[in-house]
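Please find the structures below.
Heads up, the next two complexes both have subunit A, just with different partners, subunit B and then subunit C.
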Partner chain A sequence: MASRFERLHAPLITPLTLVLAVIAAAAAWFIYLRFQLGLGAIANINAGYPWGLWVVVDVVIGSALGCGGFAMALLIYIFNRGALSPLMRPALLGGLFGYSLAGAAVLFDLGRWWQFYNILTPWHWNLNSVMLEIALCVFVYVVVLWLEFSPALFERFGWKGLRQFAENWMWLLIALGVVLPFMHQSSLGSALVVLGHKLDPLYNTAFLPLLFVTSAIAMGFGVVVVEATVVSHSFRRASEHALLVQVAAVMAWLLIGWTLFRWGEVAYRGALGGVLAWSGATVSLWLETLLALFAALVCLSGARNDARWLFMAGVAVLLFGSVYRVASYLVAYHPVGNYSYFPSFPELVITIGVIAFEVLAYLVFVKVFPVLGAHGAAHPARK
Partner chain B sequence: MFHAQPDLETVLGDDPDAPIARFGNVTRRQIFKFCAGVAATMGLSSAAGVKMAQAATNPSRPPVIWISGQECTGCTESLLRAYHPSLESLILDLISLDYHYVLCSGAGKQATDYKHKIMEERRGEYILVTEGGTPMKDGGIYCKSGGHTHVDLVREAAAGAAAIVAIGSCASWGGVQSTSPNPTGSVGTHEVIPDKTVVNIPGCPPNPYNFLSTVLHLLTFGRPPALDALNRPRFAYGRLIHENCERRPHFDAGRFALEFGDEGHRQGFCLYKIGCKGPETYANCPAVGFGDVGQGTWPVGVGAPCFGCTEQGIGFEKPVHALADLKTQTPPSLYPGVDAPKGKGASAAAAAAVAGVAGVAIGAGAMMLRGMGAKSDEDKGASDGEA
Partner chain C sequence: MLIDSTLCIGCQACVDACREANGVVMDPTPNNFEGWNAAQTWDIAQDLDGETLNVIRLWRSGNATVKDAEEDGFAFGKRHCLHCVDPSCISVCPVQAMTKDPVTGIVGYDPDACIGCRYCSYGCPFGVPQFDLNSAFGQINKCQMCRHLQAEGKIPACCDVCPTGASLFGPVDLLQAEAERRLAATPGSLMSFPRGDITQDRPRHEKAVPHYIRQTYGEHEVGGTQVRYLSAVPFESIGLPKLDSFAPSRLSEGLQHTLYKWMIAPVLAVVGAAWLVRRNRVAAERDRGEEV
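For the complex of A and B:
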């Protein structure tokens, strides 16, 4: 079976990768300080805001950005849109790093991180805990992602037997890879349901799990659009625009449905009175609505034929999901007591460094392993 | 002071779990456990526990004469409710309680005669326990027994006593009947016999284990435990209730019950503001508790402010709802507001980092869009043909 994917033949060390490496090294230094001196010396998180930048950006948003593989698997295998499969591996790779680093980020956000191994000791599980569900599910999903991606590694090293074995069992991994994100992406919303009145009325709903998982799928499509556009542009590869337009259409209807449901739900609960108040929650609600509608409008109109507009729509979707998550976890969250939170410089450097490392690793992987769709300049694989 | 002690082994026998009839069928193991527990209560070494077991099982154990004056028998009731061991099976036998109004098997002249017999035969050996205040006004006529005033009975018994223990607040300083205007001129035992050392075990009632521990210390070492300026054993009255109170963290944090049954009271907050006298009362109530049913079984533990029963001038004297005079830390009149801002704002470096990242992202996006514009014009024909 000839591979439908190919390596990107480009130098590993470029000015961009060097800059990314420097940022990642700075983050590593602060992570070292965090373990040496403790959370309080590094981070601004406090008793009112125990979840700060690391959880919200690295874990919640990071894992949603890692939903590219999940969203594409849903589309390609469940809805049988096989033509889109060249987009699968790059999306999977993004998800791989998004999730792996989300799991790593949890480790340095934990106060007593040396207890983390207890996640593997079932007799210590609290089966009523949403966090347990998230932790276990993400843990398993990271393993599944690596296995899903493993054929690319086996191809590179020429281990045909192993690759065939992995391909034979791929249906199981794909099934798991679709089911697991449904579980933990919705649980990231469930984790907020218990906050009750601490969440602004515009955000406090029992439908948080549904809103989280569906917006994560939209972000998954968004990240595929952005990533494919950036890669094809930066590495001067043939555009995958024709495929991306199909993805964008699905994404657009998802966003419209999401926004309608979101507003309908707010209205149904009688919380509409808050949408004109001047507060962070209100601004966030309008921002995410406008971003979603902008993206949907672009993706359903003639503007989608212009790669630039489509790229902006993809970015808008990523911003939309990020705004919704930052608002749910920080802006629309009002802890009891007069607490305030803004990330410290070291916190920011660590988060930026983690993202830089993600991008760096992605760039290295696409150059070392067959990840990108093999249609290079002449589109040989697409007939 | 007491008889030489025989070898413990010969007294107790070999089998640790065989009941010893002479001690009310208590086993040797139980005696050791009890004495070791008492020694631990007083902060003594485990070797002292062995000595106590020896003293407590001494066949010629010293008699105890218990005289009651202006009292309510609450101290006796309290002592009867000591459960490790139960008083009747161990301690009454061990200390040979030879005279006690309430617990004597005999009565009237018979009992009084026996008291006199012991006082003569064991002169200089017996322990005198006084319960209740002693009225001094009008020649002490307000409390009499067998035609004699209580003050005379106390002086008579004290003359030949090896040691004197005043149990309860009434015997310690006069207690409730000495409260102003003190119509009977009630005073504590030590004021009746100023030339003798009286160990005071105040409390209304006192914790039975404070009394038992003191008596066993007397039996064991021939002298009372370390006493404070008011002749109270320091192991029991050395610290303020406030110091060991389980509600102390609430005091320090400024969380107070403001009236009975309010939110703070139901939450178990500090009772200082509804008149708890713990901050000016010396006793070990929070550490030992009452009734042998576990931690928290003392007045403050169940939500009733301490009323200072062990402290002269406070118990029965200060109004129940009056604030205690704080002997240690005074709570600040102004606590930091519960609404004080917590958390750090944005530092210049953090703000700069956010702005920098946003700037780079927007810049990179703009650059890319511009580059794409140039490129899409180039290959427009190609992509159209493909579609």
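For the complex of A and C:
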């Protein structure tokens, strides 16, 4: 069975990978200090803002950035767009690292991390807790992602039997890989419903789960566009532009629908009065809207034929989803009492370091394992 | 527990007693007072934090001369856990570290279960439970109504020492009746206020009835709380936000339980997805002229 994927033949150690490694090492040092000295010594989280950068960026945004595999699987296997399958494995790899590191970030964010395993023991479970659903679901999904990706590893090591075994069960893994993210990405929105008066009316709605999961899918497409453009450009591989344009069109309609629903819902609840006031929540709402519409416009107009514009649209979608998440969890969140929060330097270094590590691991993997679509086989028309 | 802000004289005896009863460390140096309190002779926790379970906070307006007046007045607010009837902290905690005692209704905390996710802190409508961020092995701290003292037949330290009866302990229904008695009295007339424990016969405290806001805070807020408040200035001023009468945790729990009832929807979704995946993969591979 010929593989449809190939590995990238390029040196492992380059200036870029070295820089990434240095940033990741700096983060590792601060993580060590966090365990030595406690959360307060490293992070600016406080009595009013118990959740800070690590929860919101590393876990909430990080996992949404890992939705490439989820979004592509939806499109390819559920909506039957098989032609897009060369984009699948790289997207899956991005998801693998996005999620694995979101899970790892939880460990240094948890205040009582040494009791972490309590969440895996059923006699501790509180079935009312949204957090429980998120934790267990993400945990299972990380395992599913690794299994989904395992054929690439087996291919590399030439373990044909195992590869065939994994392929035989792939339908189940893919199905789980489509359903699980629906569950926890929407729960990341449900998690905020309990805030009640602490969340700004522009953001607080019973539709939070829907808004979260759909924006995560849009971000998944955004990641695929950005990642494929960067990889083909920087490694001078044949461009996958033709496929990306198709993805972009789906993404654009999703964004338009999302934005219309978002504004309609705010209007329906009679919360529109606040949209012209000068507040963090209002600014974020406008920013989200502008970013989404910019991306949609590019993806539906002639500009999408230019790889650079398409790339920018992808970045805009990632920013859109990130602004929405930061706003929901921090900016539109009103603590009881006068508190403010801005991440500290070590907090930032850790977050950036985790991302650097993620990119580094991605680069190593595409060079060591067959991840990227093999061009001859990917486009039957060109054979 | 019934907290009557108009009776509070701001003596902080309850804050001190709480610290002693619960082994809370001192919190002597708010940043803006550093020079003044350089010798750290004063303990002035400004708000609840990872160690402090109870604070009295001063609210002031204008030149702050008249007690319990809205204009040019001042008042004292007491901040600690309200022991909600339907607590958000319990609803959100993934590992059942927060529990409500079926008899006393005390919302208690079990550090051996807690993983330190701080969702209880984030979700509590009053911002009460706090994680001790100063320790490498911290835990959540919040008022547990001195359940260790109650187990010995004593009452919570703050109510025990309060000289005016501003913090009053007792069964919620008796306290609610007492609150209604105060609200019904004519402002200005002399009234006697019980102290310590409403079921005990401690010497009472006599005082003119103030101009109460005509509401017992906590009777309905977030589905009711076991700590209730009376005040003559708006409750928001003394740190008690305006809240609906339903518990937002009901909404999130309702959402979760509808979506995940018996896991039927997720299982059906996996089955449906699996069926589509099998069909579409075969089609995709056939198009490409490959074997599956």
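Just so it is clear, the second predicted complex is superposed on the first by the 375 of 383 C-alpha atoms of A that agree within 3 Å, B and C clash if a C-alpha of one lies under 4 Å from a C-alpha of the other, contacts with A are read in each partner's own complex, and residues count from 1 in each chain.
As a convention for this text, a contact is a pair of C-beta atoms (placed from the backbone, for glycine too) under 8 Å apart; a residue touches a chain by one contact, two chains touch by 3 or more.
Since the structure is predicted, the reported quantities are computational estimates derived from the model, not experimental observations.
With the C-alpha superposition on subunit A as described, subunit C and subunit B clash in the combined arrangement. Once chain A of one complex is fitted onto chain A of the other, the partner contacts of A:I352 are limited to subunit B, with no touch recorded for subunit C. When the shared chain is aligned, subunit C comes close enough to touch A:N80, but subunit B does not.
Contacts of A:L110 after superposition on the shared chain: subunit C is touched, whereas subunit B is not.
In the superposition on chain A, A:G264 contacts neither subunit B nor subunit C.
In the superposed model, A:F35 lies in contact with subunit C only, and not with subunit B. Touch criterion met: A:A175 reaches subunit C, while subunit B stays clear of it.
Shared-chain residue A:H241: touches subunit B; no touch with subunit C. The partner of subunit A that touches more of its residues, comparing subunit B with subunit C, is C.
Shared-chain residue A:H233: touches subunit B; no touch with subunit C.
Once the two complexes are laid over each other on the shared chain, residue contacts for A:P209 go to subunit C alone; subunit B is not touched.
In summary, superposing the two complexes on chain A brings one listed stretch of subunit C into steric overlap with subunit B, and the stretch in question is 3-11; the others among 3-11, 111-119, 129-137 or 237-245 show no clashing C-alpha atoms. Counting contacts by the rule stated earlier, residues 46-48, 337 of subunit A appear in both its interface with subunit B and its interface with subunit C.
Listed in rising order, the residues of subunit A touching subunit B in the complex are 44, 46-49, 229-230, 233-234, 239, 241-242, 306-308, 311-312, 315, 337-345, 347-349, 352, 379.
Those residues of subunit C that touch subunit A in the shared complex are 47-50, 88, 90-96, 111-119, 121-123, 125-127, 130-131, 133-140, 222, 239, 241-244, 248-249, 251-253, 255-257, 259-260, 266, 269-271, 273-274, 276-278, 280-281, 283-285, 287-291.
Here subunit B touches subunit A in the complex through residues 338-347, 349-350, 353-354, 357, 365, 368-369, 371-373, 375-376, 379, 383, 386-387, going by the rule given at the top.
On the side of subunit A, the complex with subunit C involves touching residues 1-2, 4, 35-41, 43, 45-48, 50-51, 76-78, 80, 82-83, 85, 109-116, 118-119, 124-126, 128-133, 135, 170-172, 174-176, 178-179, 182-183, 186-187, 190-191, 193-198, 206, 209, 335-337, 377, 380.
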